[in-house]
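In what comes next, chain A is part of two complexes: it sits with chain B in the first one and with chain C in the second one.
Let's look at the complex of A and B:
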């Protein structure tokens, strides 16, 4: 028992004391890592476990962030409460998209296109809704107060983002160990065979979509109060949907550690290419980031975590 | 009492009459064989009965309930489960996990589902492969897994679509034994099969389908003497003690 819990306790202890010892740019890097790992974990539930690839998760992110911000600005509602209103709206949206897609049998590429289209519609709506600030977006006034989800310094954000990630990972872990988890994986592997074995495929896909959308929306609230600025062409963009899905894919989709490892790796790669190349030529750092990404995908097609786990198994097998 | 009642079922794909006005009943505790040339509509009939396809006309009644509008998982929940002609294991899951998915039809907790799955794996002779991944199985094992997953759901009626195809005679004999065991436990069986030895020895009654229509029904010994069946499916040599284990086209 100690051998299994021991490393976890050690990692936990390091994560708790770490922010007090590192410079603020490193704090930013870790916050960003946790936060994208969190979004990746939310995406992972639908895309990784249930195998329903969504390239439109920015929609739920946008609904979550805008809802919490608008409720706070106009009604003075704490984002801690508003974030759940955003999650409810995101769930409703996911059920609408899911019903259209799953009920009418859209699979694979066609489902992906549907999710892209839904997110684009959300972006266009946000661009033209005055209450959301239209093209210029929403600015959130900085008034430090934990109840307003606004903190002084990076350290509180560090712990909030770490808490979000831990909670999402726990939820995904619990789901993966449950009947729902077994059914989602079965649906990913073979939908018709699952249906024949008693799996209500429509219901479980809708459930996975709802949970994934709700978690993504909660993450949007964190973003709103970390950046203090929401703009449709950023938060609701296709780029952002890619950002959400790429970490679990690189890290290993359908595993708990995949999104976390993927997020660490991509954040480090991004930072590395920025510090190495940003100063010399404009755009070179982004290009190098792309090259690194291609290399990772080429050499670790199943994702970092499954490759790593397989390698460790072989090594421990050889040692015996 | 009739467990399954199929009344005037037809299914058309474009200009193709896959199944045309087929009616039959299946009694509780029976093993009913369904034979016929390739393309006769056997698998289509399975799709309709198990809820994967809606019939164009006709009715399927199971345990007195009309199955119209029910999806396959509803049908499975009522105790009717089918296997697929081409085995469809969940490739990236272990054999045990494959069977657990079926067992979760009966129980909600993983631990209980694992217990059921282990029992079914022992019954089907897959216990030593429990941790092997689905993609690593040989054809006979895939066929067994297909059967094991279906059994794990706790069926009252088992629809088997060519579970013997491609097996050696030894493997076939083992599978016949297994189906007998399952039947002895009170499971009613409807089986599509080209392996005549299996159909003849297992079935109490046999239905013959040709070009979507039911051309004969009766006890195995009646079926092998039926001139229409000989012409449409079995071939002239079958009755003469020839070693025709599988008729042409199987």
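Let's look at the complex of A and C:
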């Protein structure tokens, strides 16, 4: 037990003092890493553990970010409270999509397409709702006040995003160790067989979807108050759904460390291509995502983390 | 009344190209059971090629179809040979992720090569129209419809009447059976993916005279093709054809009945209903 707690405490201590020692562009990089790892962790519950690939998580993200922002702008409600209103709405949406999809037995490609269609409908509707700012988007005025979820400097954002990631990872860890986690993996591996063994597959898929949607929506609130600008064509786009999905898949979906490792690798790669090739080649970093996706599917179909872990285990086994 | 009739005619004219796009997607899915997430991006490369041929050499887009269809055929066949063939037996999700990767590469290389500004091919006849009774026909759209229809018919005849076409259909019906009677399955797959891609490349050229496009148009076109084949029926060529016309008309009517920028929502709602109540599509067989 000590052997596992020791390194954990060390990593925790490093993460706490780290932001005070690094320049602000590195702070940005780490905030982005934590934040996308958080979203990846949320996606991981449904896509990784339960094996229900969603390519429409931007919808929950959008619901969460817009709800908290609109409640704050028009009612003066603190985003710390508003974010839970967004999460409730996202859960309702997920249950709507999930009930339709799972009830009618949509699997694989058909389920993916249903999630895409749902997110696209949300995007089109958001573009035509005046209260959300439509095409111009929604600007959030910067008035630093922790109660308004607005902070001076990067360091508070660093700790908020780190806290989000830690909380989501803890939730996913708890779920994965619970009966529900075992059921979800059973559903992923063989849905018909687990149904035959008495697993209420519909119920557990719906639960995973609800939890995943709620966490994604909370992440949307963080984004709204980190970027101070929301536009349906970015927040609710299919590209954004890909952004959410790609990190856990590259890192290793269905594992706790997968989304975190994936997010770290992708941020590093993004930063590298930005500094190497400057801004003149817009699109290069996304093209490299594409290459990465192809490479992962062809050579590391289980993701980087499981492959690495298996390699380390073999290595230490050979040493003994 | 004339307004709606006009909308239906416009929708049908646009639907012809949708049919051609969807035929390509349906052929690829029918033969390999792989969903080409890069379909729209292959189409956009066809569009840029037409645009480039028009601006540098003055080749009319209806002529450059020959070049673009061939080029995108080669692109599709290359993707099949290099990538898809390695994951034919992998889970669906893996295939989708691979094709999504290809889509991101194609879209963003187009962005790097041509920039984000909208392009269009300004032909001399771009704004020509003619009247049939109370209905206006836009000349480029009508031409595009005619050519798309001819290409779809040619594809149908190729699949029905030629030996190669029969080989492709046999492989689609029963891969093992086709292998047993000595079909060169690798060749058939490469050919089918190439033809499917060629269709969408040609469809791209056909759209350039009236559709301004950017690299990110590809995603919208991929989604449009998915909508058409799901509505018409996955793997069914007739379904893809009918679905294309139906989606064209529903978008066109949606633009008249709702706001033009909301036109896709009609298709998405139609798609959701089809997914829920008839996931095999209007004309598809059993799943």
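Simple rule for what comes next: the second predicted complex is superposed on the first by the 299 of 320 C-alpha atoms of A that agree within 3 Å, B and C clash if a C-alpha of one lies under 4 Å from a C-alpha of the other, contacts with A are read in each partner's own complex, and residues count from 1 in each chain.
In this section, contacts are C-beta pairs under 8 Å (C-beta built on N, C-alpha and C of every residue); 3 or more make two chains touch, one makes a residue touch a chain.
The model shown is predicted, which means the values in this text are computed figures rather than measured ones.
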Chain B versus chain C as contact partner of A:147, first or second or both or neither: neither
Partner touching more residues of chain A, whether chain B or chain C: C
Which of chain B and chain C A:201 touches, first, second, both or neither: first
Which of chain B and chain C A:193 touches, first, second, both or neither: first
Which of chain B and chain C A:177 touches, first, second, both or neither: first
Which of chain B and chain C A:21 touches, first, second, both or neither: neither
Contact footprint of chain B on chain A as seen in their complex: 177-179, 182-183, 185-186, 189-190, 192-202
Chain C-touching residues of chain A, taken from the complex the two chains share: 51, 53, 100-101, 104, 106, 108-110, 112-114, 116-118, 120-121, 124-125, 127-128, 238-239, 242, 249, 281-284, 286-287, 289-294, 296-298, 301
Complex contact set, residues of chain C against chain A: 35, 83, 86-87, 90, 92-94, 96-98, 100-112, 116, 215, 219, 223, 226, 230, 259, 261-262, 264-265, 268-269, 271-272, 275-277, 279
Footprint of chain A on chain B - complex, ascending: 50, 52, 71-73, 76-77, 81-82, 84, 88-93, 97, 100-102, 104-105, 108-110, 113, 134, 149-150, 152-153
